[in-house]
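Next come two complexes, and both contain chain A; in the first it sits with chain B, in the second with chain C.
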Partner chain A sequence: MNSRLDWILALRNLKRNPRRTISTGLAIVIAYVGLTLLTGHIFNIEYAAKIPLIYGNGTGHVSIYKKGGLDNYELQPALYHMTGTELEAIAKSLEPIASQIETTGTYLSTQALLSVGSRSIPVFIRGVQPEVDDFSRNHPRVQKHAPEFVALQSGQSFSKSSKETIDAISVSQGVSEILGYKSEISALAAADKQVVLAGRTFDGDLNAINGTVALKHSTGTPILEDSSVIAPIEIVRELLQTQGASHQVLFLKNDDDIGRVVDHMRTEFKNRGVDLEAYPFTDDRIGLFYNGTMSFLYAMGSFFALLIFGASGLIIVNSMTISILERAKEMGTLRAIGFPPDRVKSLFVKEACWLALGASLLGLLVSEILAVIISSAGWTVESAGTTYSVLIKILTKPWMHAGLTLTMIVIAAVCSGWLVKRKVKERIALLLLE
Partner chain B sequence: MTRFLSPNLILRVLIFTALIPMSADLVFANSAEDLLEASDRARGGVATGVTWNVRVESTENGTKSDRSFVIKARDVNALAEATQPAKFKGEVFLFNDRTMWFFKPSLRRPIAISSRQRLSGQAANGDIASTNYARDYTAEIERTETLDGQPHKVLLLKAKSDQVTYDQIRYWVSEKSKLAKKAAFMTLQGEVFKEATFDYGNSIVVQGKKVPFISKMIITDVKNRKNKSTLSYSKLKLDSLPPAIFNINSLSR
Partner chain C sequence: MTSQTLVSLKGVEKRYLLGEVEVPALKSIDLEIALGEFTALIGVSGSGKSTLLNLIGSIDVPDKGKIVFDGQDISALSEVELSHLRNRKIGFIFQSFNLIPVLTAAENIELPLLMQPELSPAERSERVQTALQDVGILDHQNHLPDRLSGGQRQRVAIARALVTRPKLILADEPTANLDSKTAHKIIDLLLDLNRKKNVTFFFCSHDEKLIGRVGRVLHISDGMIS
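After this line comes the complex of A and B, so read on.
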């Protein structure tokens, strides 16, 4: 009963000195908004790096390679490619976790020469299933977080292009410039779009096939921009004279399932006795750039969060200290009418909790409004190591708000409790005289 | 005494002394080029047309392969048509001076490729056609070495352009027969990565003279000597080849 009464009393106490309440509350609001904007921006950058990696670069949430293939496929593709039997083993291993899988994609990559006329340039070809390429480019998460990167810069989807032109391929912006394409792909003469791709088959023989440049894409990474070609997997299979694949990827419905799916696949591969290995996209050998970007961002974010917390925390502590020192007489009166020291302390802590809760709710409102304004302003920021600008968006999440609110309440409660505990132990007469 | 040591005489002696090493260099350089030109003739570098068959048998990491080509060469051009196995039939390699093209019937147009790329096993694309080392490399004589009881000049060949098959070659050419007996193919840094030996069991008649011609070339990977390619040359004949067959445009017609 006392406890409920104390909560009500504490809430009423906030109204007794509005200046005091507003100044402390404002410090909490500023800290809350600052931290929300900072965290929301980091989330945005994380998505801008993660979504292109998962959906745009053919990495998926989980990649499956032949054991050792992740490191050695490029050098010894004949030895480290996946056979039809292994692809079947993957399909069977996926059956128990089918509900967690959104789709799967089979890829075959290789280094090759792309030739137009007398000009041949070395390229890296990624063979994809046209429907998987369409899936990854049109995925709602891609449209939301990285449309400017994953979307085809020129041409239709692979499915449509493959139906119209049997040997349709996509070249990156850089390759298109090297080939001397000055206009849009659709405006080029038919002869200019016709290319020849040459590579070594898995048997080590030179082979060459026709290709027609029908699409243009961006890789998002400067090091790949001058050498990337995407082609339907059947074209690459014809070039390499194989029915195999370099790797298979799994696109999951939920990012949180990555660890469980990787563990499941590893166990399945072991039980089935197949020489395959599953890797999360966060493995350094797959997502090195993503990991590097995020490590840097987290380090910078933590530093700025510390600054915001430090500055705001000092203001909150200072404001509360003054406010509690000002209220020594009130503590003395409460003690004089029979309130034990612990109850007085509890009353002040509850009051701090109300204040932090109210200020946090106000901070939530302000930060959400600012997030909408900033996100719709269309401002961009250059992201290190990418060829595109990231649209500045503030991505807030319910758990982020819950965490921040709880943090503010804890800071205010601990600060208040510590200050009152010291003060309330003084003699009642002295408290009344202050 | 002073008559003998006139300034004019001293000047003459100095000029003569300075010219001695220069003239020696000139003699050796000519000699190296002569050796290279002569050895090229026995490896297909003939101004008139010549046709031969070459079979490339390779062992690469335990895997064996066997391919055959008909080579038509004239001066700096050569055309290699794949004949065996059947899946490669119709594939053509055209060497237009230093540019190399690959074509097969299913292609819309030929593709420019590098002569350095591996064709089969240890044999690079540039190894199957005629050899024009005298045109493609600068040569200097390093030393004289005895090989199979015969004195050989050891030439160091350095590529004149990056379009040629190898950056550097150490080339053992017999002083007597002017035939290359051995080659060590090197990287730009001078590291030997492949070696080759040559046999001359064939012969052709050029300008009324019987000239030995290569019959076998064995190329071995220096790091793994089990990886090797044997090129066997046969059915050699002089042929009046029309220049049109070496025209790039004739390939896709």
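After this line comes the complex of A and C, so read on.
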């Protein structure tokens, strides 16, 4: 098919009624910009919920528990904790996918009682290797995507603290408030920082150890904020009288590898005959708040996207209906000189494609400018699933623009094709009379 | 049908609905058009000449009767086959030119050739240049229609009809929108093309003054040829 002239004709036809072309194009631009800002904001909220979960709450991208441990460890830690042999099996299983792993962390978590003076509160302690805690708190992705979360952390890292204080622990914002800490940790009197952690060992005995509040952190998640304590894993091991771990987490270099890594680990565990299980952070039992937040946002986003697509689609249909009615004689002429109905239809579809492409490119430019302005304005928004106000940023991505442009082109093409389809099949003699 | 017959109509009838009233536009038309013939169909407005032209050009369908074009019964053809027939064998010249306003004269002429994929761009260009030359508007090939006079526009329309080298060119009142001097020039051009290229012409007009200039004249009145 000689379609070059078709495309030229379609492009030039846009100049026939500039006012209508501009109004239809503007509808597409507005829809494009609206969808870009909406999607970009959802991405931002997704990062604000995801990054603190993965790095701040120690879930990593993938968590590994003893089979059944995710559900039962807290009730029966002695039965469901991981032993040194199992940790070795994990290390060996990771060897083939080492290039995808940024780092790993071994955790030992438990419920305990934290006491300062005469005040005691139940807490959930997460024992972590100090270097992994440093890695999580200072990871570039955390700095980039969750600066508000970083701003809530205070005090030195465990690595630095442990040089001065061997029993350094970190309390969450919520615990800090419950304990009545009015100022920053560094400004507290030494006596106020001294705490006692009491818990039940794996043997069922009660045990208590001393600790020093050296750091403050935020979980970023409402449900954990009032009970979270982080401590070096050796302190928690001492409290629980064990050398085991509750779980191990994997921090990946690329989020897209999660599914593949989980599958690999499950296969490895099966082949090695170890009773371990791998979970992505999106598992409801791990990332319930993240999943809930994102499900809500996706549902809202889809609803608004549908509204925007519907409105822009109706404007395109309306504008093109008039255009098609006005050009019935042209359709008749083309049919008379030998263009089959489908070829005539394709001319109008191409015209719609040009319009959608041009308007989308303009929309891309406008939305990128608006994204920069909005992202640098410093506005914040309260977001479900996070304990802090999230800085409004519009995160745009090349694939998002490509997808939107393609969608706009498809909507315009489908609308025009649908409208022309019946008209072009009318009797040519009648078309020529119009 | 003789070996020279290009189009044959037998018992062709066409009726239109005017509101709820059925109006006969053509009544049992029998007609033959020979290859290379220049035929003028003369009749007043509403006599049925455009309807007849549309039926011969397969841009409308008869209610009754049979139309055979170049040996093919066109009622048996599908929409795509009819498009192919119109593109390869029939050229149309319309009263109001029907040029695409956003295409230049040359591009308008090239338009029907787009449906002939066997032609290379160079061949298409060559054909367009020949057609432009034949109708004498080579110098205006890059002009948009609104930059051309009525006569020049009709020449572009004639070139568009000629460029596919059709067997029959149908012209529906091709001079109606032109002044008398230009109208005669266009008729001269059509007659010249008929002689030189042996193209069959069938054109309808209400202008009795043109009768003396063409080889065969048919009169149509109330849907019947006399």
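Here are a few things to note about the model shown:
The working rule: the second predicted complex is superposed on the first by the 411 of 434 C-alpha atoms of A that agree within 3 Å, B and C clash if a C-alpha of one lies under 4 Å from a C-alpha of the other, contacts with A are read in each partner's own complex, and residues count from 1 in each chain.
Going forward, a contact is a pair of C-beta atoms (placed from the backbone, for glycine too) under 8 Å apart; a residue touches a chain by one contact, two chains touch by 3 or more.
Just so it is clear, the structure is predicted and the values come from calculations on it, not from any experiment.
In the superposition on chain A, A:15 makes contact with chain C only, while chain B stays out of contact range. Contacts of A:292 after superposition: neither chain B nor chain C is touched.
Once the two structures are superposed, chain B and chain C can be ranked by residues of chain A touched, with C on top. Shared-chain residue A:198: touches chain B; no touch with chain C. In the superposition on chain A, A:429 contacts chain C only, with no contact to chain B.
Put simply, chain A uses no single residue to touch chain B in one complex and chain C in the other. Across the complex, chain A is touched by residues 51, 54, 57, 59-61, 79-80, 83-84, 86-88, 91-92, 94, 98, 100-103, 107, 110-115, 117, 119, 121, 124, 160, 164 of chain C.
Interface residues of chain A, counted against chain B in their complex, comprise 113, 115, 117-120, 194, 196, 198, 200, 203-206, 208-210.
By the touch criterion given at the top, residues 1-3, 5-6, 8-9, 12-13, 15-16, 329-330, 332-341, 343, 425, 427-429, 432 of chain A touch chain C in their complex. Every residue of chain B that touches chain A in the complex is listed here, in rising order: 60, 63, 65, 88, 99, 102, 104, 106-113, 117-121, 125.
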